[in-house]
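You will see subunit A twice below: alongside subunit B first, and alongside subunit C after that.
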Partner chain A sequence: MLLTLPATAAMAVFFVAPIAIFVVYSFLTAQLYDVSRPFTFDAYAAALDSPLNRTLARNSIEIGLLSAVCSVALALPVAYWLRYATGRWRMVVLFLITASMFASYLVRIYAWRTMLGEHGVVNSALQSLGLIDHPLGFLIFNRFAVTVALVHIFLPYAVLVLFAGFQPIRPGLLEAAQDLGAGSYMRFRRVILPLVAAPALSAFLFVFVLSASDYVTPQFVGGSSGVMLGVQVQANFTTVGNYPLGAATSLLMLAAFVALYLAMRIGLRLARLDRVRFS
Partner chain B sequence: MTVRSRGALAITIAALLFLYVPLVVVVLFSFHNTGSLSLPFTGFSLRWYRFVLSDPGFRSALENSLFVAAWTSAVTLVLGTLASFGLARTRSRLRGPLALLFFLPITLPGLFIGLAMLVFFVRTTLNLSLTTVIIAHCVYVFPYFLLIAIAALERLDPALEEAAADLGANGWLRFWRVTMPQIWPLLAGATCLAFALSFDEFVITFFVIGPDGTLPLYIWSQLRRTVDPSINVVSTLLMTVTLVLWLAAFLFALRAARRRAASGDELVAEVVPL
Partner chain C sequence: MSESTYESALSRRRLLQGAGAVVASVGVSPWLAETAPAFGAERKIGGTIDFLSWQGYDSPKSLSPWLKSNGVKLKPTYIATHDDIQAKILALHGGKGYDIITYYQGYKQLYDQLKILTPLDETKLPNLKGMLPFFKSDYRGFWVKNGVRTAVPMYWGALGLVYDSKALPTAPTSYDILFTKAMKGKVTVDDDPVGAYTLAGHALKINVATMTPAQFATVTAYLKKLVKQSKGVAPSYGDCAKRIADGDAVIGWPGWAAQVGFAADSGNKNVRFVLPKEGGYAYCDSWAIPISCDNPDATYGYINNAISPKVNAAAAIEQILGGVTVAGAVKHLDKQTRSLYDYKNLNNFFAKAPLYANPPVKSSTFITIDKVIAKWQEIKAS
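On to the complex of A and B.
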C-alpha cells in the first residue's frame, strides 16, 4: 500500500488540486484574465442565460448525438463480424482497426479537410469522373464535416468496446438460435441486442461525451453551422479572458454528461438489461 | 463459419475503407511533386520531406516532443509500476477510493483536464513550459499505464512467488527473479504506449504549453497558416512514430500472452486492450 504513495501524492497535487481550484474559479468574479472575490453564482447565471451558449450547446448535443449514433451503428456489425467470423482475416482486421486508433487526432481532422474541401480529393475525383461540373460546397465547413471527422476519430474505440462486449457471448448461442429457425434479424433482435445493450450504451456515451466536448474539429472543418460549445469555452480562456464563465460553462457540460450517464444506468436497470448473464 | 454474416462483412470492409482512405491520401500527398493537394496526382517526389526536415521550427518541435514523451513515459513507468504493485497486492479499504482517483483522468474530457491544469499553473505561478506539459501528460497517461500493469499483475500465478519464498528467496530476490521476468514485457509495452500517447497529445497540451511547441502544436500552427504538402509530411512522420511504438507495445503484449500459451481467442482478448 505504501507503494501507491508517490502516485497518490502526485495525483493529489497535479490532478485533484487543479480541479478543486477550477471549481472555485467558477464561483469567483471575473476580471480580465484574472479573478477576484466575492463568491457569486454570476458565472453560472451568465453561462445559462447567454443565447450564444444555448445555440452552441444545441449544436454540441446534436453533433454529439449524431456522431455517437453513427459510430455505434457502424461499430456493431464490425464488432459482430470480428467476434464471430473465422479465419486469419479476422486477426488482420482487428489489427487494422486497433492500429488506426493511433493515427494522430489532428492528422485525422486535417485528412478530412483535404478530403472534403472545395478543391479536395472527393470534389476533384467526382469532377474528373464527370459526375459534377462544379465543386460540391456542402461537404465542408458545416455539421456534416464535423460529424464525419468525429466518427472517424472515435469509431475504432467504439468497435473495441463492442468487441469486448461480444466476448462473453459464445457462438453456440447464435448457432442455437439459428437452428431454432431465427433469421439474422431475429438473432440480432432477440439474442444479441439484449446481451450487448450495456456495452453499446457505454460506447455511445463515450463517443457522445468526447464528441460533444471537442473544441478542435469544429475550428477546422465546422464553419459557422458546426461551431460547438467547447470552442466557446476555449475562447473564454484564451482570447476573451473570462475564466469564471469558461469554468462554469465547462462544469455545466460535465454535469450534463454525468446526468446522462446516470440516466443510462437507470434506463438499463429498468429494462433489466444491466445484469444479463451468459451461461 | 457457422453463423452467417455476409452483411456484417460488407460493413466491416466499408468501415476499413472509411478509416484508411483519408489517412492513405494524407500519406500519398506527402510525396507529391507539386504543391497541390487534390487530384490528379502528378508524380512522386521527396521535395516536401527535404523542405520539412530542413525547417528549424520542425526540428525543435520534434526535439521538444521527444523530450516530453521521454520524461512522461519514464515518470509513468516508475510511479505506475509502484502504484500497480500497491493496488494489486492490497486488501485495504482504501483500494477502491485510490483506484477511483487513479482512473478518473480517463473518464474526463481532455478539454476539462487541460483547462483545470491551465488554471492551476496560472494560480501557482508555474510558468507554462515543457515542464508543465510533462506534468499534464503524466496525469493523462497514468491511468492507461496502470490499467495494463494491474492486469499483468493480476494474471500472475501466486504459487510461483510462494514457491520462491518457501525456497528462501527474500522480497527483492522474488521481485527481480520471479515477478519481473513474468511482467516486464507488458510493462515495456505499457511504457511504449505512454510514449505514443504523450507524443501525439494535443487537446490538453494546447492549454498548458508555453513558447516551445511540440509536433502536434507545430501541425496546428501550420494548419492555420498554409495548406501545402509539408503538413502531410509532418503528419506522416508523426503517425509513423506513434504506429511504430504501438507496434512495439503490441509485440510485447503478444510475447507476454504467448508465454502463457493462451488459446487464440484468449490471445486476442488479451492483446486488444493495448
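On to the complex of A and C.
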C-alpha cells in the first residue's frame, strides 16, 4: 500500500487536482481574465452553442481519427517486423525508432515546413525530376500537413505500444497455426489480430487523444482548414481571457475522449476480443 | 510492533515532519517578503531581470553592455502575441516573476483595468528629462495618465506591409494588392486580433477604438476576405516572417519593420517593409514594470540606460527602421535611420500612421475588445 503512495500522490497533484480546478472554473462566472461567483452553466452553454466550436471539434475529430488510423496502420507492420524479424538488431532498431522522439517537438514541426513548403525538399525534388513545373501549393498549411506532422510525431509511440503488445505472442504460436494449414492472412486474422486488438486500441486512443487535442501543430502547418479545438481552448485562456469557457471546452473534449474510450471497450467486448489471453 | 506497522508509523511521522516543514515555510514566507524592502535600501543593482516582451526588444547589441557592467543577467521570455503578457502575469496570481514588460499603447486601458502596471518613480529615471516632447507628453494617456506615469516609450514605428522584393520587385503601393488574383495563397496574416482590426479599420477609415456594430461588420468582412486570400494565419510575427523567408508567402500583413530582420535571420535578405498610400497605424511599445516585478532597482537601471541618448540611438538602429524617443539620440543615428522620420515634426508621421487606442474594455456604444478577439477566432477558422 505504501509503495503506491508516491504514484497516488503524483496522480492526485498532477492529474486530479488540475481537473478539479478546471471543473470548478468551468462553473464560475467569467470576468476578463478572472472568475467570480455565482456558479453557472453559462460556459457549457456557450461552448456547446458556438458554431465555431462545433467546426473546430469536427476538424479535431477528423484529424485525430486520420492521424490515429494512419499511425496504427503504419505501426502494426513495423512492430511485427521488430518483434519477429530483427533478431539481435532489435535494440538498434528500437533505438532508431525512439531517436526521433529526442528531437524537440517544434523542430520536428519546422522540419515538415522545410519538407512540404513551396520551396521545400518535396517540391524541389519533383521539380528537378521534371515531374512538375510549379511547386505544389497544397502540401502545406492545410489538414494534410497537420496529419502528416502528427503521424510523424506520434508514430514512435504507437510502434512502442504495439511492440509491447506483440511481445507475449511467442513465435511458436504462429508456427503452430502454420502447421495447421493457416496461410499468412489467416494467421494474421485468426491469431495475431485477436491478440493485438487491445494493444492496437490503446495505441489508437493514445494517438487520437494527443492529436485531436494538439494546438501547436495546427498553428504552424495548419492553415484555416487545419485549425483545431485545442487552439480555441488556448485562445480562451490567453487571448480572450475567458477561463470558464476554456475550462468548459476542455472538459467537453475530455468527456468526448472518455466516451470514445468506453465505446471502443464495448466494441472489443462485443467482438469478444477483450478477454483473449496468450496462454 | 510488526515490521509493516513499524514502517507505516515511521512514514506517517516523516510525512507529518514534511508537512510541518511545508506549513512552516508557507507561514514564514510572507514575513520574509515583508522584510525584504528593509534590505532593499542597501541593495546594489544586480541579480536577474525577468524580461517579458517581443523577441528583439532586448536589443542584445545595445542593451547588454549595461547588463555586463552592472553584473545583471537578463532572462528573456519572448511573446508570440501581445496577449501573452497579461496572460502570463495574471497566471502568477499576484506572485513574483516578470520584472519588465513592454506594452503597446492600445493596451493601456486594459492593463489599467487588470491592474498589472505599477506607477513608475520618475526620480529613478533621470534620463526621462531628455525625451522628445511628443513621448514625454501625456498623449491620450497612453504613458502618463492623471499625472501618473506607467510607461516609458521606447520602440515605435508603423505597421503596414512586408514583402519579398525578389518576388515583387516593385513595392506595393496599396493594400488593394492583397486582394488580387496574383496574391491568392501568397498572403500571410499575423495572429494579432487587435492589430488586424486596427489596420483593417485604418484602411477602411474606421477607428478601431470607436467602432459601431455596423463598422465592425464592415471590418470583419474585410478581414474574412483577406484571410481567405491567405494560406492561414501565422501564429506569430516571427513565424509570418519565416513563411515569407521560406517562399511560402510573398506579402505579410500587418507588416512590421522588425520582420525584415527576422526574415534575414532565416536567410532571406530580400524582405522589405513598406507603408502604402493608405498609411498604416503606429505603435509605440513602452517599458513598464508589472506588479510581478521583484527586482525593481535593476529594472529601473535597465530602463534608464535604454533612454540614454547613445543607447537609445543604437537600439533604434538595431531594430531596423526604428525610431528614437530621446531628443539627444537623433544626432547619434546613422544617416539612413535618421532619414526615416522627421523628428522636427513627428505629428506629420502620426497623421499618416496614427497611434490608436484599442477597442474599449466596456462600452454600450462601441464594440468591445472581447468581441473583437472572439470574432477574430472565428475569422481564423473560417
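Note that in this section the second predicted complex is superposed on the first by the 256 of 279 C-alpha atoms of A that agree within 3 Å, B and C clash if a C-alpha of one lies under 4 Å from a C-alpha of the other, contacts with A are read in each partner's own complex, and residues count from 1 in each chain.
FYI, contacts are C-beta pairs under 8 Å (C-beta built on N, C-alpha and C of every residue); 3 or more make two chains touch, one makes a residue touch a chain.
Keep in mind that what you see is a predicted model, and the values were worked out from it rather than measured.
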| query | Is the arrangement of subunit B and subunit C around the shared subunit A a clash or a fit after superposition? | reply | clash
| query | When the two structures are overlaid on chain A, which partner does A:P6 contact: first (subunit B), second (subunit C), both, or neither? | reply | first
| task | Using the touch definition from the top, say if A:F237 reaches subunit B (first), subunit C (second), both or neither. | result | both
| Where does A:H119 make contact in the superposed view: on subunit B (first), on subunit C (second), on both, or on neither? | both
| message | Once chain A of both complexes is superposed, is A:F163 in touch with subunit B (first), subunit C (second), both, or neither? | response | first
| query | In the superposed arrangement, which partner chain does A:F41 touch: subunit B (first), subunit C (second), both, or neither? | reply | neither
| said: After superposing on the shared chain, does subunit C or subunit B touch more subunit A residues? | reply: B
| So, A:L52: does it touch subunit B (first), subunit C (second), both, or neither? | second
| said: I'd like to know which partner A:G226 touches here: subunit B for first, subunit C for second, both or neither. | reply: second
| With the two structures fitted on A, what stretch of subunit C runs into subunit B, 4-12, 112-120, 220-228 or 238-246? | 238-246
| field | Touching both subunit C and subunit B, counted on subunit A across the two superposed complexes | value | 2, 5, 113-114, 117, 119-120, 220, 237
| said: Help me check something: in the complex, which residues belonging to subunit C touch subunit A? | reply: 7-8, 11, 81, 83-84, 86-87, 90, 110, 113-114, 185, 191, 193, 227-228, 230-233, 235, 239, 242, 246-248, 361, 370, 373-374, 377-378, 380-382
| field | Contacting residues of subunit A [partner subunit B, same complex] | value | 1-8, 10-12, 14-19, 21-22, 25, 74-75, 77-78, 80-82, 84-87, 91, 93-100, 102-108, 110-115, 117, 119-121, 123-125, 128, 152, 155-156, 159-160, 163-164, 167, 171, 174-175, 178, 184, 187, 209-210, 213-216, 220, 230, 233-234, 237, 243, 246-247, 250, 253-254, 257
| message | Touching residues of subunit B toward subunit A in the complex: what are they? | response | 1-5, 7-9, 11-12, 15-16, 18-23, 25-26, 29, 37-40, 78-80, 82-83, 85-87, 90, 92, 94, 98, 101-102, 104-105, 108-112, 115-120, 123, 135-136, 138-139, 142, 196, 200, 202-203, 206-207, 216, 219-220, 223, 227, 231-232, 235, 238-239, 242-243, 245-247, 250, 268-269, 272, 274
| request: Would you pull the subunit A residues touching subunit C in the complex into a rising list? | output: 2, 5, 32-34, 52, 55-56, 59, 113-114, 117-120, 137, 140-142, 219-220, 222-227, 232, 235, 237-242
